[in-house]
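Encoded as structure tokens, here's the structure I'll be asking about.
Chain nomenclature is as follows: A, B, C and D, assigned in order of appearance, with residue numbering initiated at 1 for each chain independently.
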Amino acid sequence: MTSYNEEKLQHYKEKNKNRARLLIHCPDQPGIISRISEFLFSHDANIVASHQYSTDPEGGEFFIRLEFDCPELEAKFEQIEVDFQPIAAEFNMDWKLTAVRELKNVAIFVSKQPHCLLELLWEWQSSDLMANLAVVISNHEDTREMVESLGIPFYHVPSNKDIRHEAEARHKEILDEHDTDLVVLARYMQILTPEFVESYRNRIINIHHSFLPAFVGARPYERAYERGVKMIGATSHYVTNDLDEGPIIEQDIGRVDHRDHVEDMKKIGQTIERSVLARAVKWHLADRILVHQNKTIVFS
Amino acid sequence: MTSYNEEKLQHYKEKNKNRARLLIHCPDQPGIISRISEFLFSHDANIVASHQYSTDPEGGEFFIRLEFDCPELEAKFEQIEVDFQPIAAEFNMDWKLTAVRELKNVAIFVSKQPHCLLELLWEWQSSDLMANLAVVISNHEDTREMVESLGIPFYHVPSNKDIRHEAEARHKEILDEHDTDLVVLARYMQILTPEFVESYRNRIINIHHSFLPAFVGARPYERAYERGVKMIGATSHYVTNDLDEGPIIEQDIGRVDHRDHVEDMKKIGQTIERSVLARAVKWHLADRILVHQNKTIVFS
Amino acid sequence: MTSYNEEKLQHYKEKNKNRARLLIHCPDQPGIISRISEFLFSHDANIVASHQYSTDPEGGEFFIRLEFDCPELEAKFEQIEVDFQPIAAEFNMDWKLTAVRELKNVAIFVSKQPHCLLELLWEWQSSDLMANLAVVISNHEDTREMVESLGIPFYHVPSNKDIRHEAEARHKEILDEHDTDLVVLARYMQILTPEFVESYRNRIINIHHSFLPAFVGARPYERAYERGVKMIGATSHYVTNDLDEGPIIEQDIGRVDHRDHVEDMKKIGQTIERSVLARAVKWHLADRILVHQNKTIVFS
Amino acid sequence: MTSYNEEKLQHYKEKNKNRARLLIHCPDQPGIISRISEFLFSHDANIVASHQYSTDPEGGEFFIRLEFDCPELEAKFEQIEVDFQPIAAEFNMDWKLTAVRELKNVAIFVSKQPHCLLELLWEWQSSDLMANLAVVISNHEDTREMVESLGIPFYHVPSNKDIRHEAEARHKEILDEHDTDLVVLARYMQILTPEFVESYRNRIINIHHSFLPAFVGARPYERAYERGVKMIGATSHYVTNDLDEGPIIEQDIGRVDHRDHVEDMKKIGQTIERSVLARAVKWHLADRILVHQNKTIVFS
């Protein structure tokens, strides 16, 4: 593989130097959009994309994602944040403003199976996954060579149920050092502690190798084979402390038939897993996902 | 089949009595959304859904679809239209305001094959296609019984290339009489004249039984079979005077293999045709489609 | 709708008057195909399609479906059956020989929701579902008109848990009277007793409105909505005495997103249910399905 | 990436040491299957999979693919070939017998875009593509590092219309040297001469970046964008001397919408291209494809 295309990255940053995203969640009421768009217009911003969702126009919840261009964004960014606070307070908003040119720092956790990691590395190399791949952490050595050949730091941190807390202490150290925004579990086969999950709330994406809620837990392909299903699937979701019960981001399926044994299902499943995980990660990086009551709103 | 569910229809109208849709196309510039949303807020309207698309933030085209609730809409509707005109003029807008409770009048043209007509009748009966099915026109008698059993007027208007103009004169008479908003060609096998097409510009939806631009013209399944394709498709599009070249609304495909002869392809294709046409018609009825430079913007 | 196309039916019977199907399941060993094909050749039969599946060449199970043409089939049919018995005994075969021109008698059970029944009636009317639709049985009156308008007998047999046995006694009476080969539960919302299920072993096809094994049991769309899945599905399966645990025949899925409420999911689901059930019924009618250890082998 | 899993390869060869495949095409007549299966049984072979297709039972063409296990296959292979010749002659067969353990030698041609090459390398590395990747030939240097890092010979052979014959002379030299069975054009952007194509008849697989026959020729994504299609596709086919007109092996599609510009379509298309090409190559390697009258019969 060729090394990462620094030129494309600079092009992306340059192209998006004046672009920002505003994500908002608040109780619904008339006038929210009017107030926000007036605010942006008064700050010389031009809205280039907007997605809105209301759970119920009568007393429900309001969600919006806005993308806008604003000349001299870098200089004005903090002032925009300050100026928006009164509006946010008035409407009781959860909100986040992000500059598109600032790439998120991503850490990937992986165990032995490399296919999901490989897909993310590939997308990243071809500039389809816009992030800083800051670090890869594994409880095995298998993928070290592949990761380091791309110039990405690789840490081998052994982990199992007996040394979970020591391992996580080390994980946190590494994540902090790399100022990590997002943790991706690319077929990482260890359980995370509630403390760890809480510290990355809605910022840990897992890929589960079944069509949830079918086959929650271990050995989903074996159980799919036993049941004689005609389709297998994969599910990407944010991690919570209920195993495989976190907010679902994306799912997809593939056909199988009576000739497919467990090993065939695993191969067919790998292709599904890698694309389902990659889509979820890209949507997160593009600030397209809002979480509400254990469900996701994906503005795709 | 049971007769059309009048109760559901009334429920729909009641539920949507204060809901309207605003579709806008204009040159892009900062401040459009701010101006529109301020206008709606000042008229006590609450935006419940919005979709926006800009071809290019720098000097491109701007498209938006807004759905909003406004108390006492019926009484205020005309005033809102009047009040919006200065804004429309200022931004050089093409625009349209529609009241959701006012169903569009739809005429369906069909020849011998009934499957697309049947799908539309079915969707309409089960209240999934919200329209007044005003009339069915055919150059054959085959579907009369089915149509009239549902209480829908059926007109047999013979047509072929020698009597095209007489036939169309009669078509126009019928369409005018039923105040027709949309013409659906549900496998209608006659060519329309440029005058007719012009008088229903972007208001005639056709289903073509191929994955356009593959197999433009006659006998697409025969040609697909000859070519040995592994997938066949269907395309719904607005009719223009270039045969099968109008703006594409929706497409879908199905798999075929070496065992499928032309007759098998036709059967597989029928299922695709009927769903692709139904989706296009529903999107049109819900004011989800904008046309620009022979392409559609579908806010689905 | 036009009445059933008697002409097409006669054409089908005429075209297939010399065609038969042979389904076999036995322990695998070398020489089975040689023996069968030699037998057929010696009876002047020409194999026109064959599908084979072996669970494991070493001591596994062997399954085959053969379609063959044999001149004067009607006259020879019984002799072929007699002559095949020694081979069947030698290889310890479960087997079945069917004449393609003899249509199976089908009974459809339905409750209030008509969409699956409608799909089957439609396919039957357009000669895509080759069967005698012998009778429709319902615990409600809703679909009587639709069924009787096509000349199919309709029986209203009230049923609930208190009168289950009386209802089933009546069901059996009706099924026997129509010499029923296959029972299709087209959204029939009553539980069947073990005795009834046993008497139609692998001859009752149900449609479950979820992607099994997700959402076994009641209210699957409500539970899919609660869980926030991004896809919903439907599953057709043979009925056993374990609720929703019988051999799966076919599954399919459709995409949903955060905007889809339970009612939207139900509508999207209806389209999936009707096609998944229709495919399963057609495969059964064409003797394409073998059952082994609670799984299906579908030679599609 | 880790180096190729030699252990898995040996396991595959050992596991399949007694397995062979027999592909046959001949005029249809009764008794063919009987004759073949009797022959195999008399050679102690056990048929483990069979696929048959007849264009028309009355005077059509007959195609079959058989997979069988035969003890001591290596020792008996040539004798089986010799013994089968009289049968082949009697039925006027085109036929081919292959030993599964003998991997085919594959040459990949690529230009600048690496995604299809990468997919094939990936599948090969993970032992999902059972072949000897003998050599990669390119008219550019871009992919050399990636290829050589896996221990595969890479040849840079400049080519353009002025030096086509010199280039192809060099190509043939390299292909002969590696005893090449199959040439895969993994986005190779040069035209091949009729002589070259003829010398690898039905053994050159190309990936075309459109849903053929839509957008034959150059710049398909640009033309798809211009036309405003809602789906884009890719097609793998055997190369003939009619550009993009060879027998289609596999096709697939992906959805696009009004927001997708040419660059977006290319990215979406890459994912489709790589999977469509990989499937075609795997089917060819598994002897699953027969060609008849510019169409493929794929026994998948």
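Here is the rule we use: a contact is a pair of C-beta atoms (placed from the backbone, for glycine too) under 8 Å apart; a residue touches a chain by one contact, two chains touch by 3 or more.
Going by UniProt, the chains are A, B, C, D = Formyltetrahydrofolate deformylase.
Please read all numbers here as calculations on a predicted model, not as lab measurements.
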Fewest touching-chain hops separating subunit B from subunit D: 1
Distance-maximising chain from subunit A - centres being C-alpha averages: C
Whole-Å separation of chain centres (CA-atom averages), subunit A against subunit C: 43
Interchain centroid distance [CA atoms averaged], subunit B/subunit C, Å: 37
Per-residue overlap in subunit D, given as positions that touch at least 2 other chains: 53
Overall pattern in which the protein chains touch one another (line/ring/star/complete/other): complete
Subunit D residues touching subunit B - in the complex, by the definition given at the top: 53, 211-215, 227-231, 233, 247-253, 257-259, 294-298
Residues of subunit B defined as touching subunit A within the complex: 28-31, 33-34, 37-38, 40-41, 44-54, 57, 69
Subunit A residues touching subunit D - in the complex, by the definition given at the top: 1-2, 115, 118, 122, 126, 128, 142, 145-146, 149, 267, 271, 275
